[in-house]
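In the two complexes below, subunit A is the common chain; its partner is subunit B in one and subunit C in the other.
What follows is the complex of A and B.
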């Protein structure tokens, strides 16, 4: 047990000032910040960038440097807006955070990126502060700023439009598919993101050393493009230093005016630290955190935060932590408080989500993952004291962002550590997510990482693993609606959503006429390839547009690889490259294949009743529906060890084969993962009844989780997931499990919890590596139901969606239903608890 | 612009903004009726006519399209009704046919679908797409701008 004097770590509480700031944070609704788009637009006009056929990295760098120099240095925030019975109202609070600066000019801001999707907010500017779900505050002056000074300039110049105008007719047809949301979503029109920067060098050496390195390389290089790239790196890093110095000056000015001696000293200390870092090497834990925090704000100036992640902070900062503790400069309690303040800073912005997005992604944060624990690059136990301190800070703060992910290497990391991770899940209800190092490292080495690189993985966004600070894997590049491929197979290249008169993809035969399940699988494989082809072609187009118009000098300057290669990240400068596809609706497709195999082609002759039933949404086929839904009658993924898993393994292998040899525009390869965020609810609305007994418009199962209601025993469900080949799942997976919180014997509950995870991760069983990932909701069914009825009583209820954490109240009704309906297991027995499906009130499914 | 319209626009500059909005409200009665009472097939025409009055009489509304050039085509999915809004040099003109070249083309099933897509307080864009009641072709940013103009008008009319 780690202790500070006589206080055990688990008894460390939040200091009153931090607790009060956290309360203000929960009260505050997000506010649209127009500072960035105003500056970006103004300086782009002045630099003539709207007239360019291509924007160079140096032009971008100079633009960002100017913005960093000119943005308002906010040391502390004093005001926010909160919801009241009559609308939104301003409120004041005390902020005395040791960390100055913020992602936007607001306490909790919505950053605006007109280069990407911000123009979608245009028609909503007057109404967004009134929308029921996740409103944003914006003043009239700010509305006019966006309407008159910003948005008009970007109408022909945002990434989507640049791609549409420069793409082929075929590309435009694919973009039409994208707009329909039915087959896939692509995230490149919205961001260059989903990766982990490398903070270690900035912390260890300071940005001045990185600038000097870049300028020396520029001097040595004979290649003009390389010279420009190194100059660009220096420009943006100078910009970050300038921003830090502006904050230092602002803090010093406030200190001069302060009348309270304690506050004066506090501000003077901030001024001193910001005058030093990130320019110079960090000497203390607090300085290290400041360096990371300031670099983090700069990265978000350049790119929207969609799964940008902080990586292995317990490794990057451990030496500084140890030194401070050993020298008596800091107590463990101090460290927890510092982390609490940083967590609040990290969560100081929310992604811009327009009304339509609210229905698909409502409640999502930026999914900023932090990774703790696991092994180091040599395979040794990397769990340290700071790992536990971070865990405690997360437990006390219970925030949506950052999204904590804990690594566990069976046999190397201790069981006590695993138990502590389980305990944190019980205490927070939803975090951290747990990752099995053995399986992840196997997956990463199979996809091109060296063993050392793989051992040094961090978690990106939701659950995606990648080597820390050197892997640009854009893991969320494509979100694929897998059941849409099944739909095209069932209807011979047509899709019920578009009407059965139109062939959307290609005719692969009428399943009524197939003679065998193998024939059906063959057709499915062709349709799946067609959907993948469309999504990948579009991803490549957007990637090329990024290369022409959106070089990323800030992210490149904080990454391993670009310095060595002299190339921007989006040109393939990172040490490791890939593009990630998230597969949504996996279990529904697997179970559908299982049902088709048994009930259609498993009969002699084939029985097409099932196809007729799904065409009628099972109306008039109630007996068949009951049979399809009964795991004792039909093999289901997660319920039947042999037959239920065969098609699951086949499908993961097919998806892997279809993607891992496709090279992307940066020289990396595509890889697939199984996590769905909220899209299993959103995508579900576009697909009619499926052969697994799911009715029209109902949710799909989340991530890689077996379908709800058909897996009566936890062990079998976990076993099915653990049996899938890790090598085919290098883009991560999310398995969502819901546990009933035991009111009684907490020790026994934790024993069972730990044993369940250890068993799932266990490689000694017949599955090779053990399961890769697992995450939990530990909240009672009753509390969820109450939270729907009275959200104000549960405004801090944290849940795991499928990958990330969210506040339950922020989720759209369909997503809330999905979480309530997830199979819930009793830890004491491992048996599912029977509940009736939660009934959405009429209209609630689109009441946003 | 006709002499009469120019004169009206000039005269309106003498009035304070609330009075300009009042005048727009009086002249855009049909749109208010469409939004507050019963929506008819004339909704799109009433919307465009209301916008036209607002551009003419309200300086702050006109500012929304300073320097804006763009062509937005609206048509029913069956192509029976087509209208084009042409923005040029700070003015809007309406043509009762679809232009073949456009920045954005919105095809809608009926006026309710269009209203829901453009103006509903709780826009259900996903439902519009789900139900295939609206289809958009071209540069979406022009539609977003048009959506802002429509919302800004209804706000001025006091119906949003």
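What follows is the complex of A and C.
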């Protein structure tokens, strides 16, 4: 593929109709959709699935096919609900999107999965439309539907109960641990998701060809299970085609009733396209997008969407784009508008978060990543015109979802391209995230990808890399609260959150009696393994439950591997398999280890004052608190002192060693990454004062970002991060950098921005790979403070949390504080702006 | 890693001391740079904006805003030179700069200014940012103080940096031994920021503490150096000190002299009062100078003044760093 110069896109703006729809999108609050749970429950009852000890892939496929056939085809949404001073109120708007259909029956819907976690919403059905933060609209009729027709059926048949009934005594104890949120979160009770489907075949050949392939293979196969699996694939794809045809019929019906000639033509065009794709090969860019969009809605039938990602759309769709442009059928401007409409469609659903989950996940979207740029599987420059067009569409729309990730291969991709990516960050304040191909490819080849597969990586969910369309890696399977392992070490197997009377894990010795830091490290390693053991055992248990009850024929039909292997993804059918662990609280643990090494065991004799201080939350130990927080006194991760990096590297290696040797229920490996979503704020609530000077309940630092206030020089912080071994970080990393927008010289600011990123990607490149990932917030401190005070004025303010983007107003106060407190660098001087922790006050706490 | 300086009496050590190393700087030459601030200066400009770099020997500084009154320093001091009730904290007549209080102070309110860095450690630190230099057209800037006071050390340092192709700039007061400078330092430089402050000999003695003859002579020789393939660039700068250097008379003489010497550019540096706060930290009286930065309109006016003084359009006076 040949890279082209950037087209003159700066002048392209959103068309008025798209702009209006985008405004409606921002006004609309999410609405609970009961269509899916109603149909799923009804058909499950009819098929007798509640009596099964196991649900086969074919049974699942027939169920989904019926749902697809019976769901209401909504061409355009005209109504939503918005927030007013007195409550929620219905409003109307014009929708003339070229893309019909939706994930739910609503304009912006909350899909409900009673077979997974939706019963958590049961007690809140009457109150959730009135809750202060992130309310959901639901009508009384819909509440009754869930109350009577849906939830009662699943009380003993949701995944948690199935696992409880099938797990061992030990498993049930682990599930209790899980429910405390203190050590880890396991996401399989909610979903697997977190992967990138392969759309290239559906786009290029059409679903009919895939069905035919499956049926031919079914005939050739002699294995009953394989035959069933191929049949299952055919069933679900027929279901998707049926949904497309229903939409086509609905659009045709609307066309006949339409009085406006333009609208009539528009609807006729939709009917024509939906009659053709996704069944047949896509011939135009718009058809290609339609195929992807319809497949996308179908996949959400199987699992809640968490981090399900679209992959390298600028590669998958480039040929169609090129042909349309070259043939004069489409202008660049048309392409930007089409993408704008698709982005709105992709964001047409939000994950269900019950009130209790707001603390941990408030403000999070589905984190649907799109990847652009980088190299192709042969290592050639893959940046093309569509790369820039997608970037422009993202820049104009400024949405939370999709989450744009840009790849950059130093030396292969052009510097102009990198500069353009930086400019987009200045323009949007928060996107795209940037990934260094050299580091990512090294990380992936070190953990099972071939070089060609690694080069063809896409970004999943927040920041996790995996080969596009062939890697089933549940990259967010486990979110590990790393400081909890430190807690167990410090308190000899006990945890302050549960009281210090009970041993939670095992006794590894009282740190007061240790003779050396090595002894402390040894104990920490044991406790860390214990936490990992619990999390992984639970992941395996839920993985097996997924195999027994939740096969995924739709996703399998849109993936590389299952067709060849004749196995569902959940059985290990993908070309590449893995389970991913996200480590939360890395910088806090590294800094704590540094402090313990120097101030406790580095003294002659050992000085246990620090242990006493953290037990008292540093009260009465103000001088010691000041010392451990002072980067001049103790090596801190990110201050780029030799000793600060030693423990950081040790920790990444220990975590890698402890995980990559284990195999999961699908035959894949475990891998670790460093990103935290909003959990560095959520998990922090359960951990008392830590040796790095963090007080009880305070936030951890996000992702792999050094702690705030310890890294006065930007290049030092970036160098320290780049020095970590990429091979040990195959599940991705998130490094957050906050820049103060400069009012002055924009050219110079962009020069510095670009050079900082290029320098980071090449830092330590003589012995390593350079930094792997970096993401930005380019919003001034003042604007953040104003946004806390007056959220309504900043309702579209987009921020990077850790990995994904969110609207600032949706975040809970603790998370808002974390973002405000992040180290902020001036692009004019490169120095950190003096650090003053933001106080959570009444004004900030707008949720209470 | 910095190694604490030998705790000897002042003025016995001529090992170069470093006050600060600032990484990721965008204001001290082109691109992203690391700036090394040397300690010791032959001038005593009354308007010095980094007084901690004047003395060549280590000093102790007390930053009151950082003090949390924990008293750790009082307990640690073997000379009983510290007093929590005294606003200046340090009895400087008793202090022998042993550094015990610095170690004891948790907030770095007390610190020894000036640390010796072995060249190899300094090089290792500076090279950590080499990728940032390369991508930004940046490099290393030696500032001070006056780095030319340490020709042997600087030569060794620059040999190592230039071997790896790092762009090197210095910021100098111009008061140095030309022969030594030309032999040890000049061959490695890419850029010289050369500060010209005052043209009158009497004024110079009064405000700079030295006659300016040597400075002007050094600038003349520097500009007359055969340009070896145009490698080193000399950028004269004049700091705009209210009522001292920013008079029309002085600026006119600066411009005329530079014209005569064949300089091609002149930069002006807006006045920066941040140095004033440092005097009290060092236990020194602060000079009576303006406490506000040069206002943008005043700066524009001065740039216009300089421009009007320049015959024809031979010159391009610029602001601060280029």
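The rule is simple: the second predicted complex is superposed on the first by the 827 of 848 C-alpha atoms of A that agree within 3 Å, B and C clash if a C-alpha of one lies under 4 Å from a C-alpha of the other, contacts with A are read in each partner's own complex, and residues count from 1 in each chain.
By definition in this document, a contact is a pair of C-beta atoms (placed from the backbone, for glycine too) under 8 Å apart; a residue touches a chain by one contact, two chains touch by 3 or more.
Keep in mind that what you see is a predicted model, and the values were worked out from it rather than measured.
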First, second, both or neither for A:451, with subunit B first and subunit C second: neither
Which superposed partner A:685 touches (first subunit B, second subunit C, both, neither): first
First (subunit B), second (subunit C), both or neither touched by A:151: first
First, second, both or neither for A:506, with subunit B first and subunit C second: neither
Partner chain(s) touched by A:45 [first = subunit B, second = subunit C, both, neither]: neither
Contacts of A:758 with subunit B and subunit C, given as first, second, both or neither: second
Contact residues of subunit A, present in both the subunit B and the subunit C interface: none
Interface residues, subunit C side, partner subunit A - complex: 1, 22-27, 31-32, 34, 68, 70, 72, 106-108, 128-129, 131-138
Subunit B partner contacts - residues on subunit A that touch it in the complex: 119-127, 130-132, 147-148, 151-152, 154-156, 158, 160-161, 164-165, 176, 179-181, 355-356, 359-360, 497-499, 682, 685-686, 846-848
Residue ranges of subunit A touching subunit C (in the complex, touch as defined): 622-624, 626-627, 630, 632-633, 640-642, 713-716, 718-719, 751-752, 754-756, 758-765, 770, 825, 827-831
Interfacial residue positions of subunit B with respect to subunit A in the complex: 63-64, 66-68, 70, 118, 121-127, 129-130, 132, 136-137, 139-148, 150-152, 155, 160
